[in-house]
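Okay, structure first, notes after.
Order as written gives the chain letters A, B, C and D; numbering starts at 1 within each chain.
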Amino acid sequence: MRPFFLILLLLAVPPAFAQDSKKEIERYQRMIADSSPAELYELAGEAAWKKPQGPNKVSLERCDLGLGAGVVKGAYAQLPRYFKDADRVMDLETRLLHCMLTLQGRSREEATKRVYGNEDVASEMENLAAYIVGESRGAPMAAGDTHPKEKAAYALGKKLFFYRAGPWDFSCASCHGEKDKRIRMQDLPVLSSAAAGPSVATWPAYRVSSSQMKTMQWRLNDCYRQMRMPEPDFASDATIALALYLTVNGKGEPYRGPGTKR
Amino acid sequence: MKRVLFIIAIVLGACSSTPQRHFTDENDLREVQAVLKRDFHARGSATMARMESDAVQRACNLYDNAPPEELSKKLEAEQMAAIKFPDGSLMGDWKRGETIAQSGRGMQWNDGPKDVAGGSCYNCHQLALKEPSYGNIGPSLLGFGKLRGTSPEMQKYAYGRVYNSKAYSLCSQMPRLGHSGTLSEQQIKDVVAYLLDPQSPVNQ
Amino acid sequence: MAEPMKIRAVQKGDVTDVRVLMVHPMETGQRKDTSGNIVPTHFIQEVSVRLNGKSVLEGQISQAVSRNPVFSFRLKGAKVGDKIDIAWLDSKGERSQSDAVIA
Amino acid sequence: MNSLRRSTLQFAAALTAGLLLPLRALAAWNKDAFGAKTAADALKGLGVGASAESKDIVIDAPQIAENGAVVPIEITSNLTNTKSIVVVIEKNPFPLTAKFDFGEGALPYVKVNVKMGESSFVRVLAEAGGKFYSASKEVKVTIGGCGG
């Protein structure tokens, strides 16, 4: 990586072709967002939220997502955050899992058997996430960044973001660390900066290429797959720290998911 | 003129107070590595052995991809020494090279033993003009062979760069495709042909 | 009986904007499922839109329409409170019908 | 997708109230035209004759689509009394994609998401006043992600 000042002096301006194709791709993104089936997952998620399950035959309607038991409106925009009852920083999917275990009495093994769905049947977690995030539309994102454990998670997330590892020596920053970079035609936001805002504001998202609603845990999971790394544990501290790091970087961005992406 | 001075001012400012590095010392690196070993698990071909880090990764992590000069030189030389250059022509079949450059498969946990690995070249580089969907993380390689010719030295340079880019620029973002076992000797020769062969669309 | 559709019909001046979301895999017969065998073709072929029981639009579509189809239509001469019902028939003879009231 | 609560209620309500009119015979699906491998054969199958280029057919489609699975196409015909609109994606294995016949109460307008196998021209034909008109737009389909 060339030293910092050389990049500044080069002030490379992207060639004209890439410039207007960027505009065209943004138009495509607006068009698919207009006519997206994402709404179907929000509806299915609302049904799952209210469905009694587990040995206790209880729904998730008493689950506290941070704003009080059962409060869904605006809850996602304040995640990830520290939860006193679990003495742990949690993102949405980790918190949902917590409620499945504590309220519904389900086993961790059963509740995490199928956290990623496929194009025929979405997973319970994907439907729930679509519903809950939809209830934060318009709220400025404000993940927790004051509690000591939140600060520690942010610091860990940042180190994980820049740590190069694996057979291809990649870190997240290899692709998301420098402005105006693309993989093929895919623009790569600098997630270590405020430019993370528009990304964290539109995940979870319906992916047209796979006809599936995908969550943030999946997003991190699939990045590590393409970094040629082993698989991250679902709802592990490492994934939560990364999610918190990205979301705090994008603090203030109005949430507008679930998104619709290529 | 005023604007250029202004830019230089920023640059000097940026250099004098070197930004706080991401990792303070080797211990810091070990702590992050421990988290990765705790919170990840093997899947398919992606085993936990991939969590071990070598001297190159430690140097690039510790110094934010800009290690001191003599450390870089030392490690680059070690990486160069480890490259096995086949003898004879290093140019294979550019048609197979194009398929390798287009394919993003290889070394992922969902790549089966029968799946043929690719080089993911188009993810980061422009190569042939006829392929508009190219990345720009790496420099454009359009007309690489037309500009540089096909001398044995150039074949060796191209082969070495693909085999282990860190032998030339220690903290390059380009994967060590040969060193990591992603591409075979023949596949790297085919990529070299795609880059250098006058018939290749890269040079049309 | 297939999943019901999600219809939204909104009156804007003298035009009614109708947006319908259908649940259907729209299989082209070229996709492989997770265990690697080809999923046979299966897609909506006919779509019909009726206003107060009278047909206003008839569509024939192919497997090239995206999965979980989303259509937008515009009607004229309708008013708030009128009823729209949309029906589809697919290549396996499955049918679905949903209706909505113009808001 | 487990059951959709709100829509199901809507549907159930219609059933109970007996409002659900029997499904009339829908426009029969034109097997030959939709089975044609070329745009020309498909149009012949539909009985669509020679068409004149017309700016009164407005196609709003992305110039570049990051993925061919969902390409939103919005079509408006400003030709007076347009009877039908036909959508053809020339490079698709089966080019004929859709045919819409507009009755009294519908405007000649439709928006639909289509799949495109590769970059191709999207051709739209309209029948108005017994004549056929056409317009086309090119959509480039690119590879967005890491191709892995």
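Criterion: a contact is a pair of C-beta atoms (placed from the backbone, for glycine too) under 8 Å apart; a residue touches a chain by one contact, two chains touch by 3 or more.
Not measured: the values here are computed from a predicted model.
A.B. asks: Could you see whether B-D or C-D has the larger number of C-beta contact pairs?
C.D. replies: Of B-D and C-D, it is C-D that has more C-beta pairs in contact.
A.B. asks: Could you name the chain whose Cα mean is nearest to the mean of all protein Cα atoms here?
C.D. replies: A
A.B. asks: Return the distance between the CA-based centres of chain B and chain C, expressed in whole Å.
C.D. replies: Their C-alpha centroids are separated by 49 Å.
A.B. asks: Using mean CA coordinates as chain centres, what's the chain B-chain D distance in Å?
C.D. replies: Their C-alpha centroids are separated by 45 Å.
A.B. asks: Go ahead and note the Å separation of the Cα centroids belonging to chain C and chain D.
C.D. replies: Distance between chain centres: 12 Å.
A.B. asks: Which whole number of Å gives the spacing of the CA centres of chain A and chain D?
C.D. replies: Those two chain centres are 34 Å apart.
A.B. asks: What are the residues of chain C that contact at least two other chains?
C.D. replies: In chain C, the residues touching two or more other chains are 6, 23, 66-67, 70, 72.
A.B. asks: Using the touch rule from the top of the page, what residues of chain A touch 2 or more other chains?
C.D. replies: In chain A, the residues touching two or more other chains are 21, 35, 40, 43, 183-186, 208, 211, 225-226.
A.B. asks: So which bits of chain D are touching at least two other chains?
C.D. replies: 1, 3-4, 7, 69-70, 111, 113, 142-143, 145-148
A.B. asks: Every touching chain pair, please?
C.D. replies: So, checking each combination of chains, I get A-B, A-C, A-D, B-D, C-D as the touching pairs.
A.B. asks: Report the residues of chain D in contact with chain A in the complex, numbered from low to high.
C.D. replies: 1-7, 62-67, 69-70, 72, 111, 113, 142-148
A.B. asks: Can you list the residues on chain B that touch chain A in the complex?
C.D. replies: So the residues of chain B touching chain A come out as 7, 10-11, 14-15, 22-23, 28-29, 32-33, 35-36, 38-43, 46-48, 50-51, 53, 56-57, 60-61, 64-66, 104, 107-110, 122-124, 132-137, 166, 171-173, 175-176, 180-182.
A.B. asks: Sort out for me which residues of chain D touch chain B in the complex.
C.D. replies: 140, 142-143, 145-148
A.B. asks: Can you tell me which positions in chain B touch chain D when the two form their complex?
C.D. replies: 102-106, 108, 118, 120, 122-123, 132-133
A.B. asks: So in the complex, which bits of chain C are touching chain A?
C.D. replies: For this pair, the touching residues of chain C are 6, 19, 21, 23, 25, 34, 66-68, 70, 72.
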